[in-house]
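The two complexes that follow have chain A in common; it is paired with chain B in the first and with chain C in the second.
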Partner chain A sequence: MKLLTLNFLTCAIKTCKTSPSSFPLHPQDAELEIVESDVNMAFLRNILPRLMWEELRGITRELGLPELPETAPAAEDLGEPSQVAKDLHRLLLETSIREGKLVCGNCGHEYAVKEGIANFLLPGHLV
Partner chain B sequence: MLPTPSTSHVDFDRVYEPAEDSYLLLDTLSSADETAFLHDRFDAASKQPSSSPLVVEVGVGSGVVLAFVAANAEIIFGRHDVLTLGTDINSFACQAASKTIHNAVKSAQTSIFLDVVNSDLASSLRPHTIDLLIFNPPYVPTRLPDFSRHDSYNDLPAGQTSTTFEQDSYLLELAYAGGIDGMEVTNRMLEQIPQILSFDRGVAYLLLCAQNKPEKVKQCVRDWGTGWKAETIGTSGKKAGWERLQIVKMWQQKN
Partner chain C sequence: MSKLEARGEGYEAEHVHSVYEEIASHFSSTRYKPWPIVERFLKELPDGAVGADVGCGNGKYLTVNPRVFIVASDRSTNLVKIARQHQPHVAVVADNLSLPHPLYCFDFAISIAVIHHLSTSARRVEAVRAVLDLLRRPSGDVGDSESRALIYVWALEQKDSRRGWDEGHEQDVMVPWVIKGGQKAKRVKGQRKRKSEAEHQDSEEQTLAEQLQSKTYMRYYHLYRKGELRHDIEEAGGVVIDSGYEKDNWWAIASPKRDTGPIGS
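Let's look at the complex of A and B:
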C-alpha cells in the first residue's frame, strides 16, 4: 500500500470521522518495500495542493524515514524532474507498506495490512 | 471501441465475472457525452490545471471497470494525472483487482493507480475527497447474505491454500444479493455520497436495474438539496420497452 493512499484514508468508524485525530492513520510495525515506477510530472505538480503536508511529515517520522522539510515543495521546485521531484515520487508512490497495521489516533482501532492490502472491515457492532 | 482490460488471471469462482452491467459502465464512461462532461468538469483544456482528480470505485470485483478508467484516463478525462483507488468487501476481489489495474496501466504516464482496500463501501475514505465515484452494486432483489460468516470466509481457511465451496458461494452472493428491492447496499451507499464527494467537482455513476426503482432513486438524490442532479445516462437490455439496466449519474451543479 502506497504512502500516498494514506493521504485519503481515515478511520472507518463513523463517530471518529468528525475527530481531527482520526487522520492520518498511524502506521505501526510496518514492513516497507520500494516498488519502482517512472515519474509522472503532471501528477507530481497537480497533487501538491491535495497533500496534507503536516500529516505526511508525521507519517514519515513514524516510519523512521528521512525528515521532510517544514513546507511542501512548490511546483517550480519540481523541475524536469529535479531531485526534489524524485524524492517526492519515491515517498508518495514507491514507498509501500507490505505488512503492518494502521492505527486510529482517536479510538485506537488497528487495521491490518497484509500483502499490501489494508483491511478496514469492522466487526458488526462497530459499524 | 476501447479494449477491455484483461481479467484472465481472476478466479471467477469467488470474484464477480465481468458481465453486461460491467460493460455498460465501460461504454457509458467512454461515451462521447460523458467524456465531454468529464473533460469539462476536470478542466482538461485549462492552462492552469486543477488538482489531480481522485477516482474511487466501490466494489471493484475483478477490477475491470477501474482498470478501464485507469488505462484510458487521457481519453475519459483529458488528463493523465488521475488517481485511482478501489474498495471491495471481498478480500479475494481486492487482490484480483489490484493485479488487473496494475497490468492495465501500461506506463506511469497513463495515470496513477493507488491501491485497492478491503472496506465496506467508501467508509475508509476521508469525507469530501472523491471526485468521481463508480458503483456497480449487488442489485438483485434477493435476501442479503449472512454477514456473521464474513470474517472467516474473507480469508483462506487456516492452514489451507484454497477456499471451500460454501465460502465461494458466500463471496459470490456478496456480489449480487441486494436485499429488499435490491437496494439495501445501494441505499447505504447513497447515504454516504453527499459526504464523500468533493464539494466543487464530485460526481457519482451508479448502476441500477429496473427492480431498484430508478425513478425513485433519482428523486431521492434531487431532494438532497439545491443543485443536486440525477440523470439516466446509459441503458442496456431493452425488453418490451423496459431497460433492464441503467446508469444514473448524480452530481451537484454550482450556479
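Let's look at the complex of A and C:
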C-alpha cells in the first residue's frame, strides 16, 4: 500500500471520524518495500496541494524514514523533475507498506495490512 | 426469496459478499468495458482531482482517466487484489457503510452497481449518505466547482433485457451467477488470469459431464424503480444534478445539499 494512501485514510469507525486524533492512522510493525514506478510530474504537481504535510512528516518519522522539510515544497520546486520531486515520488508512490498494521490514534483499533492490502472491515460489534 | 430470513448485514454477508469473494476472478474476466455514462463522468473531471470508487470491483473504472487519483475500495479481498494493479490509483478492503476516509476529503466519488446490493431501504439510504459524506463541501469562493458523486443501480424497468423484469415485478430478487465446470476447476487451481477468447469458446462447447459440475451462485439485488434513486439521494441529504436511464440501469449525479456539513461550520 503506497504511503500516499494514508493521506486519504482514517478509522472506519464512525464515531472516530470527528476526532482529530483519528487522522492520520499510525503504521506499526510495518515492513516496507519499494515498488518502482516512473515519475509522473503532472500527477505530483496535482497531488501536492492535497498533502497533509504535517501529518505526513509524522508518519515518515514513525517509520524511521528520512526527515521531511518543515514546510511542503512549492509547485515550482518540483522542476522537471528536481531531486525534491524524485524524493517525493519515492516517498509517496514507491514506498509501500507490505505487511503490518495501521492503528487509530483515537480508539486504538488496528487494521491489518497483508500482502500490501489494507483491510478496514470491522468486527460485528464495532459496526 | 425466503421471507423468514431477516434482511440486513448478515443477510448481505451470505447473499452478496461471500458470493463476490467466490466468483471474483470469473466475474472480473467478464467486467472490462466501462459504461459510457461513467466514462464520461470520469473523463470530464479536472486534472488532479482526487476521488473515491466505492465498491470498485475489479477496478475497471480505474483505467478510464489516469490524470485523476482514485482511492478505490471493495468488500471483497479477491477483487481488491485485481483492482490494485491499476496505476496510479490505490485500492483497499472496506465496507461501504464503514468507509475508512476522512469526512469531506474527495472532489468526486463513484459507486457503480453497488447500492442495489444492500437489502433494506434504510441501509441503501445510509450507503448513499456514506458516499455523499466523502465529498468536499464547497468553500463558496467564485469558481469553486461543486463536488459530485455518480451513483448507478440496476433498474426494475428492463423489459428489453433477457431477464424480462418490468414495472410491477417484485423488486427484491436473487440473480444467478453461473460458473461452468471447466472454469470452476481452473479457478480452484488458483489461476486468476483473464480467459482468452478461445478458452471462452471452449467452455461454451463443454461436455454434459462438465456442465453437471457447473456451480450457480445466487446474488441478492434490489431493483430500483423509476424515481427511487432520486428519493434515496434526497433522503440521504443530497441533491440530484443530473440523472437518467442507461441500458437497464438508473443513474444519478448528486451533490451534498448546501447546508449539510461540515459539522459546526
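Note that in this section the second predicted complex is superposed on the first by the 127 of 127 C-alpha atoms of A that agree within 3 Å, B and C clash if a C-alpha of one lies under 4 Å from a C-alpha of the other, contacts with A are read in each partner's own complex, and residues count from 1 in each chain.
Basically, a contact is a pair of C-beta atoms (placed from the backbone, for glycine too) under 8 Å apart; a residue touches a chain by one contact, two chains touch by 3 or more.
Model, not experiment: these values are computed from the prediction.
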item	value
Partners on chain A (chain B, chain C) - clash or fit	clash
First, second, both or neither for A:Phe23, with chain B first and chain C second	both
Chain B versus chain C as contact partner of A:Ala42, first or second or both or neither	both
Partner chain(s) touched by A:Phe120 [first = chain B, second = chain C, both, neither]	both
Contacts of A:Ile59 with chain B and chain C, given as first, second, both or neither	neither
First (chain B), second (chain C), both or neither touched by A:Leu3	neither
Chain B and chain C contact sites that coincide on chain A, given as residue numbers	1-2, 4-5, 8-12, 14, 17, 23, 37, 40, 42-43, 45-47, 50, 93, 111, 116-122, 124, 127
Residues on chain C engaged by chain A in the complex (per definition of touch)	9, 47-48, 50, 52, 67, 69, 71, 73, 75, 77, 80-81, 84, 87-88, 90-95, 97-103, 105-106, 263
Complex contact set, residues of chain A against chain C	1-2, 4-5, 8-14, 17-18, 23, 37, 40, 42-43, 45-47, 50, 93, 111, 116-122, 124, 127
Touch list for chain A against partner chain B, complex	1-2, 4-5, 8-12, 14, 17, 23, 37-40, 42-43, 45-50, 93, 111, 115-124, 127
Touch list for chain B against partner chain A, complex	49-52, 54, 79-81, 83, 85, 89, 91, 94-95, 98, 107-109, 112, 114-120, 123-127, 129, 147-148, 150-151, 154
